[in-house]
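Below you'll find the structure I mean.
Chains: A, B, C and D, in written order; residue numbering restarts at 1 for each.
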């Protein structure tokens, strides 16, 4: 079995540099690669382009990178409920490329699967489609969108094995699955790292070939943005 | 829970007609929708266009439909080891559209996911690309391929629940997963049909929304094309 | 006049047996509470769940189980989880029967704007552009006028668009309105609201054809 | 001169530690038997498995577990199963390090033909067009001449192509040959085979630069 294990987050992030493009899994704060993000904050590398559906919150997740002005450009679908993100965008400190969430996901998936470009109806007739090729299929206009290119993808899974196989839990799968293998190097952190053979091969969500480095995260805060409960 | 159960293969195939286009899951004989195929043979509908990676063998799977001349056109990637398929093709009795296996899979997946067209490097410079748009991405030529359109998709899963959720086993997942939801109506047959809640939602391969009808197959022969064994 | 709950309650009547439904953030989320319980309906949330259940009890709360509004949720028996590509595949591939979302503006040609006020506010489109770009059955849930009292049902949108010619129905605190042939067509009045009041609150062209019934909830 | 096993054995030396490898039907399948067991290599089969193991014992035979040649196989610990779209995503996305496949013809420009003889025989391309269209490291395993004794290493392919300018190396019963700058470059002779014999069996332009060593297996 080809082994992908690295000993810790320091080894996992070897080679990250100023000016690089990174992908981050997660939706809101659910399933974000907490340990990799915290290490990036510590390393204080700058001028980053970040592809991530959201940008965390003011004091957690990618919000930490934003606050330290490490991010030059965000490629995201949603800003709402992140005051610092909105402030930096409106003030012009931060370049922002807002794109439809499904297009964001599919551009990751395209990179993962070697599809250089595809057509989607999303965004036709809006400013998102400006400057892009539009073509009719079955009489309906579609926009040409291209695969992302990134240096590192940081993803977080529930369980993983040393061969790099990943299993996600609940809705924390989100962008983590489609970003795995979508960058030159994919760094996966997992809550539980097991030996090959412990995961059922029928239920591996992401095969190890898509992952270059895997480590067990030191701790997970797994913060909840909107705790909503009902009476039991 | 929205229920997709039909009582038997007769109900499952309601509406199939001459001249329709069908998708069939399976690779070789592994994971083919045996019960649905046998019922199509029995109904003797004609002039079919069949999208399937292979065409079974002479006396099993789609080979049975071929032998009875029910198929007008095959859209496949591989003919080898199927004498009747090759004979009908070379004699001109059967129209055949041979396309690269990855393109076949991706055109199904495109139909399933509402992507009308995408670019792939496969087939560039070959007769497969004749008449198709070619475009360079990153200096490399790619061929534009479109999503399939089909009336029915017949797929076979290991387990399924009455909500239409599917789980596949081993390499029998193949085209079954990508054809689910890629036609107007998807008919899934399963070895074991269970109640909602019995399948772990983390490990459902195909969500029920992609399946319109589900039934438990009466029996499965699961024939093996090339039994290769080693000494124990 | 309806409150937000009332709007959700009225929209719930549009939800039919066997529907897969995507609910946007805000008023649309409330719709789930009012769907008749003698019909089978499944809710999709685009962050990766089909078969969304009610909010969890304190004991059930799980950071790995949220909806698109980032609220903690539960999964019903028969639910499934999936990645964002397949989730938007469901949407783009028109496997979802009904989409209910909020808006800042809706125009009589079916255009919708709901993600940005240039120079002032940017929420982002999230999954809305994918939803309105593909769905065939789109209901907008919103107040008839904005906080400044200006109509949100316009002859043409002034804000950056989310999608073109896609909205089929609008349910507001004042009325149920269909979009037909590039015009607003008044179908129902909210309880106690007159046709005159609706006309006044609607900047776009409003077709009032015959007697307009008061809605029932 | 090598037999088919010998060709596979020589190619096995090209398989490096940490490689993910796709093996075509025929001679390539045999390569797995000869890979050094002190290196870590994983085999992918495009019908949907990574981490393919040896053939099963009688007891282990499972109709749901086959390779691309439809042979029954086993899965190694750490294996995974996936659908055909993701499988070809691995291939197209260049996640597979080495592709080994058979051919009817290889041309000195790197073109390859292996799926059809017009009017006579059609096997179909299977996954070969996807493999050669994307892989960066493609080794062809084949006999140097066909059954009629005619060279399969040509100045230009005569059969319908599978891919263009893609083959990087050819290992035959007679020689190991690289494709460099649109020419065949002789690297090694099979045991007991002379440079003259190889030249004679090669219709395309063959560069023989200095002394050509006999291969070791």
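As a convention for this text, a contact is a pair of C-beta atoms (placed from the backbone, for glycine too) under 8 Å apart; a residue touches a chain by one contact, two chains touch by 3 or more.
Keep in mind that this is a model prediction, so the values were computed, not measured.
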To reach chain C from chain B by way of touching chains, what is the minimum number of steps? 1
Which chains lie in contact with each of chain A and chain C? B
Taking each chain's centre as the mean of its CA atoms, the one lying farthest from the centre of chain C is chain D
In terms of C-beta pairs in contact, which of B-D and A-D ranks higher? B-D
Can you work out the whole-Å distance between the CA centroids of chain A and chain B? 32
Between chain B and chain D, what distance separates the C-alpha centroids? Give it in angstrom. 28
Nearest whole angstrom, what separates the Cα centre of chain A from the Cα centre of chain D? 36
Cα centroid separation between chain C and chain D, in whole Å? 55
I need the residues of chain D touching at least two other chains; which ones are they? 49, 75, 81-82, 85, 88, 91-92, 134
If I count partner chains per residue in chain B, which residues reach a count of at least 2? 106, 113-115, 120-121, 168-170, 202
All chain pairs that touch each other: A-B, A-C, A-D, B-C, B-D
Under the touch definition given earlier, write down the residues of chain B that touch chain C in their complex. 1-3, 111-115, 161-163, 165, 181, 195-197, 201-202, 204, 207-210
Would you mind writing out the residues of chain C in touch with chain B in their complex? 18, 20, 40-42, 44, 49-51, 75-82, 85-86, 88-96, 134
For a test of understanding, state which residues of chain D touch chain B in their complex under the given definition. 45-49, 54-59, 61-73, 75, 81-85, 87-88, 91-92, 111, 115-116, 119-130, 133-134, 160-165
Could you list, by residue number, the parts of chain B that touch chain D in their complex? 27-31, 53, 76-81, 86, 89-90, 96, 98-106, 108-109, 120-128, 158, 168-178, 205, 222-232
Within the complex, which stretch of chain A touches chain B? 106, 110, 113-121, 135, 137-138, 140, 142, 146, 167-170, 201-203
